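Okay, so chain A shows up in both of these, paired with chain B first and chain C after.
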Partner chain A sequence: MSGVTLDVPDGEILTVLGPSGCGKSTLLRLVAGLDRPDSGEITIGGEDVTGREPKDRDVAMVFQSYALYPHMKIFENIAVALRLRRLPREEVGCRVAKAAEMLGISGLLGRYPRQLSGGERQRAALARAIVRDPKAFLLDEPLSNLDALQRERTRAELKTLFKEIRATVLYVTHDQIEAMTLSDQMAVMRSGQIEQVGKPEEIYARPTTFFVAGFVGSPQMNLLPGDLFPGGAHTVGIRPEDILLAPEGPMEMGVVLRESLGSQVLLSLRGGGLELKALVPAGRPAAENERVRLDPARAHFFSADGRRIDSPSISSSAVTRKGRDGH
Partner chain B sequence: MRRIGVALGVAFLVVFCLAPFLWTVLTSVKPGPEVFAMPPTYLPRALSAENYTGVLEQRPFARYLLNSLIVAAASTALALTAGALAAYGIARLRMRAAGTIEKGIFLFALFPPAILLAPLRGAVLTVGLMNSYVALILVHAALNVPFAVWMLAAFFRQMPKELEDAARVDGFSRLQILSRIVLPVSAPALAATAILVFIFSWNEFVIALAFMTRDEMRTLPVGISLLSGATAYEIPWGQICAAVVMTTLPVTAAVLAFQRWIISGLTAGAVKG
Partner chain C sequence: MSYGYVALAAVLLICVIALPLAVALVGGATHYGEVFSDRELGKVAFNTAAFAFASVSLEMCLGLLFAIVLHQTFLLRGIVRAIALIPWALPTAVMAMSWKWIFNDSYGVANDLAIRLSLVGHGIAWLGRPGAAFAAIVLADVWKTTPFVTIILLAGLQSIPRDLYDAMSIDGAGPLQRFRLVTLPLLRPSIALALTFRLIQAIGIFDLVRVMTGGGPADSTKTVALYIYDVLISYGMPEYGAALTGVVALATFLVAATFGALARGRARA
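On to the complex of A and B.
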C-alpha cells in the first residue's frame, strides 16, 4: 500500500470499498495501530498518533468475526475497555446499560457470546465499541457474517445510530450496496491505491477511473471498445440503465437472456460484434430482437491508462457504430 | 451381524488392554498365601485388605505419595508456565527467530532422557541438590517444556487473531492479553497439556531413581519398585499390587473428570466453538 491519503471529516461516515486483497483491511489496521506503517502519518482528532499503541489512540474497532471474548459475559465484554481505563464502577455500569439499550441487547448482558445468535453478537460487538465513546470508529466488514435480510436491516440501523451519536466512522467493506447506502464519503480502493474519493452518488455518476466504473454499480457497467464513438477514447462505459431501447435505434441486437430482478429486467444483448446488458422496466414485452441506441451523453470515456476523459471531442448527437457493424 | 462383530472386537480389545491392570487389582485384594497359590486362582477366594493396610502402615507409602504429588504438581505448573509463554511468543509475536527456536525446542525433545541421565546426575551432585525436590522438579519440567510448547503453540495458532486485536484496541497490555484473554480461552488445551505432563512426571522412573537416594524422598514408581520383603528372596507382590492400584486410581479419576475438556482440547480447532 502506498500513496494513500484519506481524510474522514468529523462526524461523517467514510467507507472504503474495494475487492478482497486490495489493502482496505490493512488501511484500517494501520489506523487502529495494529500494524505499523513504514512511512507516513496518521492523525486522529488533530493529534499525530502514528507511533502510539492501539489503546492510546482512542479508537474503537468492530471486527468481521465480532471478536467477542468467549469466556466473558456480554456485560464484561462491553465493560472491560472502560474498566481497563479505571473508570468508576457506577459509571461503567451506567454506560454499559446505555450502550446495551441503544442496541437493544439489554436483556442479553448476562449471557455468554456462544449463547447469542449472529445478529445479537454483532450488536454486542457494536455496543462494545460505542460504550467507549471514542474519537473514531473503525469497522471491518461488520455485516458480512449476517444473512441478507439481517444485513439490510442492520445497515439502516447502523446509519441511524452513527448519525445519532455523531460518530466519525471509517468503514471497510467489499459490498458496494453497503458502501453506497452508508457513506457520506466513499473511497474506492484497488491494490493498495485509492482510485477515487467522493460522495457515493458522485462516484456512481462520474467514475474517474476505468476500475471504479467497472467496480461500482450493479449490474456492472457495460465496458465497450472506445472506437464505438469518435474521439479516441480507449474504452467506453455505459451503465445498463443508460442503454436506450427504441424503435429508431440504429443497432439491431438479439436478446440472448432475460433476467428478472423484480421491478426491472436485465437483458443480455448480442449483435454487431458487441455484448451489452440493458436494464429495462419489468413491463416491457419480451422480444427476440431490440433496436439499441447508445447515447454518448450518458457514456463514460477512459484513456488507455484507465483515466477518465472528460470532454472527448465528440458531438452530442447520436452516433452510429462504424466499421465492424454489419459483419 | 456387523454390530455384533464390532462389539466383540471392542470387547476383546478392552479386555486385552485392561487385563494386566485387572490382574493387578485382583492380586491386590488376595490374602497373602493366595497370591502365590499354585495353580493360580483367577478370582480371589477371599477378599482381604491386608495388602493395603500393609502398604500404608508398614511402608512409607504416604510419604511417596506426597513426594510424587509435590514433584508432579510443581513440575507441571512450571512446564506449563514456561511452555505457555514460549508457545505464545512462537505462535504470535513476530520474531524472526521463532521458527528456529521452535525447531530447537523439538530437537531437545528428541534426546532420550536416559542419555541425559549421567550428565544430569553429575550436575545435580555438583550443585548439591541430590535428594531435593528442586532438582527433580526442574528436570521433569524441562523434559516436558517441548511437549507443552508443541501443544499450546498449535492451539494458540488456531485461535482467532482478531480476538487479540480486539483486546489490544480495548486497552489490554501484551501480558494482560496472555493472562486474561489467551489463557482463559485456551483452558481446554491447558488442561489437556497439564494432565499429560502430570502423568509423565507421576510415572517417571529413571531420573527419580537417580536423583533420590534417600527412601523418604522417593516418588511412587521408585518407591514401589524398591518395596522388598522380609528377605532378599521374597517379593511382596500383594503389597506392590496394592500400591500400584493406589497410585493409578487418582490419576485415572482425574483424567476421567477432565475427559471432556481434554477431548475438546485435543480436537480444538476442528470445530468452531
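On to the complex of A and C.
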C-alpha cells in the first residue's frame, strides 16, 4: 500500500470500497495500530498517533468475525474495555446498560456469545464499540456474515445509530450497496491505492478511472471500445440504465437474455460486434430485437491508462454502428 | 446382520477386559482390607504424589512457556518445533539409561559440569542420596515429557483466533492482560487435557524410576507402580497385587478427573 491519503471529517462516515485483497483491511489495521506503517503518518482527532499502541489511540473496531470473547458473557464483553480503563463499577454498569439498550440487546447481557444468533452477535460487537465513546470507529466488513434481509435492516440501523451519536467512522467493505448507502464520503481502493474519493453519488455519476467505472454500479457499466465515438478515447462506459431503446435507434440488436429484477428488466443485447446490457422498465413488452441508441452525453470516456477524459472532442450527434463500420 | 460385528467385538472385549477385571476383583476381594492398613503403601503413595506434583507442575509451567515461544513466528520455526519434540519421541528406558549415566558419580556429565563450574569440590553420588535421587528423577521426567505438554498447549494456542487478541489490544489490554484475559481462559480445555494425561502417566510412573534408581536409595524413590511390581513378582502375592492395582487405578482416575475438571472450570459453561 502506498500513497494513500484519506481524511475522515468529524462525525462523518467514510467507506473504503474495494475488491478483496486490495489492502482495505490493512488500511484499517494501520489506523487501529495493529500493524505499523513503514512510512507516513496517522492522526486521529488532530493528534499524531502513528507510533502509539492500539490502546492509546482511542479507537474502537468492529471485526468481520465480531471477535467476541467466547468465554465472557455479553456484559463482560462490552464492559472489558471500560474495566481495563479502571472506570468505577457503577459507571461501567451504567454505560454497558445504555449501549445495550441502544442496540436492543439488554436482555442478552447474561448470555455467552455462542448462545446468540449472528445478528445478535453483530449487535453485541457494535455495543462493545460504542460503549467506549471513542474518537473514531473502525468497521471491517461488519455486515458480511449476515443474511441478506438482516444486512439490509442492519445497514439502515447502523447509519441511524452513527448519525445519532455523531460518530466518525471508517468503514471497509467490498459491498458497493453498503458503501453507497452508508457513506458521506466514499473511497474506492485497488491494489493498495486509492482510485477515487468523493460523495457516493459523485463517484457514481463521474467515475474518474476505468476501474471505478466498472466496479461501482450494479448491474455493471457497459465497457465498450473507444472507437464507437470519435475523439480518441480508449474505452467508453455507459451504464445499463443509460442505454436508450427507441424505435428510431440506429443500431439493431438481438435480445439474448431477459433477467427480471422486479421493477426493472435487464436485457442482454448482442449485435454488430457488440454486447450490451440495458436496464428497462418491467412493463416493456418482450421483443426479439431492439433498436438501440448510444448517447455520448451519457457516456464516460477513458484513456488507455484508465483515466477519465472529461471533454473529448465528440460531435453531438449520436454515432451509429454503421458509421463505425464505415471506417 | 450388522449386530454380528458388534457381537464379535463385544465378545473380544469381554474376554480381554471384563473377564480379567472380574477375576482380579473377585480374586483380590478378600485383600481390599489389607490395602488400607498397608504401611509401605502409604510411604510409596507419598513418594508417588510428591513425584507427580513436582514433575507435572514443572512440566505444565515449562510446557506453557515453550508453547508460547514456539507459537511466535521466527526463522526455521518448523525445524525447531520438530527438535523440541525429540525427547518425547525417545523410548523411556533408553533415555532413562542416558540420565543414569549423566548422574553417575564417577564418570557422569552432571558431576563433571558441577566440578568444572566449581559448584562442588568433589563428585556427588546423585542417585545414591535420597533428595538428589528424587530431584534427578523429576528432572529426567520433566526433560522427557515437557514436549508432550508443549505440543498440546501449542495446538490450543493455535486454535485461538487472532482477532481476539486484536480486539483485546484495541479494548486497551497490554501483553500481560491479553495473556490473562484471552490466552489463559481459552487455553483451559488444553491445560485440562494435558494435566489429566500427565497426572495419569506420572502416578503410574514405572520404567524411568526402575531404570534410574530401582526405587532406591532405601526406597526413597519407590513409587506405587514399583511397589505393585514387587508385590506381584518379588513377594509372589498375585491376589494382593490385584487388590492393590484395583485401588490404585481407581485412585488415579479420581485424582486425574478431579484436577482435569478443576482446570477446565468455567470453560464448561
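In this text, the second predicted complex is superposed on the first by the 321 of 327 C-alpha atoms of A that agree within 3 Å, B and C clash if a C-alpha of one lies under 4 Å from a C-alpha of the other, contacts with A are read in each partner's own complex, and residues count from 1 in each chain.
The working rule: contacts are C-beta pairs under 8 Å (C-beta built on N, C-alpha and C of every residue); 3 or more make two chains touch, one makes a residue touch a chain.
Please read these numbers as outputs of a predicted model, since none were measured by experiment.
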Fit or clash - chain C, chain B, common chain A: clash
Chain B versus chain C as contact partner of A:Lys55, first or second or both or neither: both
First, second, both or neither for A:Ala67, with chain B first and chain C second: both
Partner chain in contact with A:Val80 - chain B first, chain C second, else both or neither: both
Chain B versus chain C as contact partner of A:Arg114, first or second or both or neither: first
Contacts of A:Ala32 with chain B and chain C, given as first, second, both or neither: both
Intersection of the chain A residues that touch chain B with those that touch chain C: 29, 32-34, 53-55, 59-61, 63, 65, 67, 69-71, 80-81, 84-85, 128
Residue numbers on chain A that touch chain C, as the complex places them: 29, 32-34, 53-55, 57, 59-61, 63, 65, 67, 69-71, 80-81, 84-85, 112, 128, 132
Residue numbers on chain C that touch chain A, as the complex places them: 161, 163-164, 166-174, 177, 181-182, 185-186, 188, 266-267, 269
Of chain A, residues touching chain B in the complex: 29, 32-34, 53-55, 59-61, 63-65, 67-71, 80-81, 84-85, 114, 128
In the complex with chain A, residue positions of chain B that touch it: 160, 162-163, 165-172, 176, 181, 184-185, 187, 273
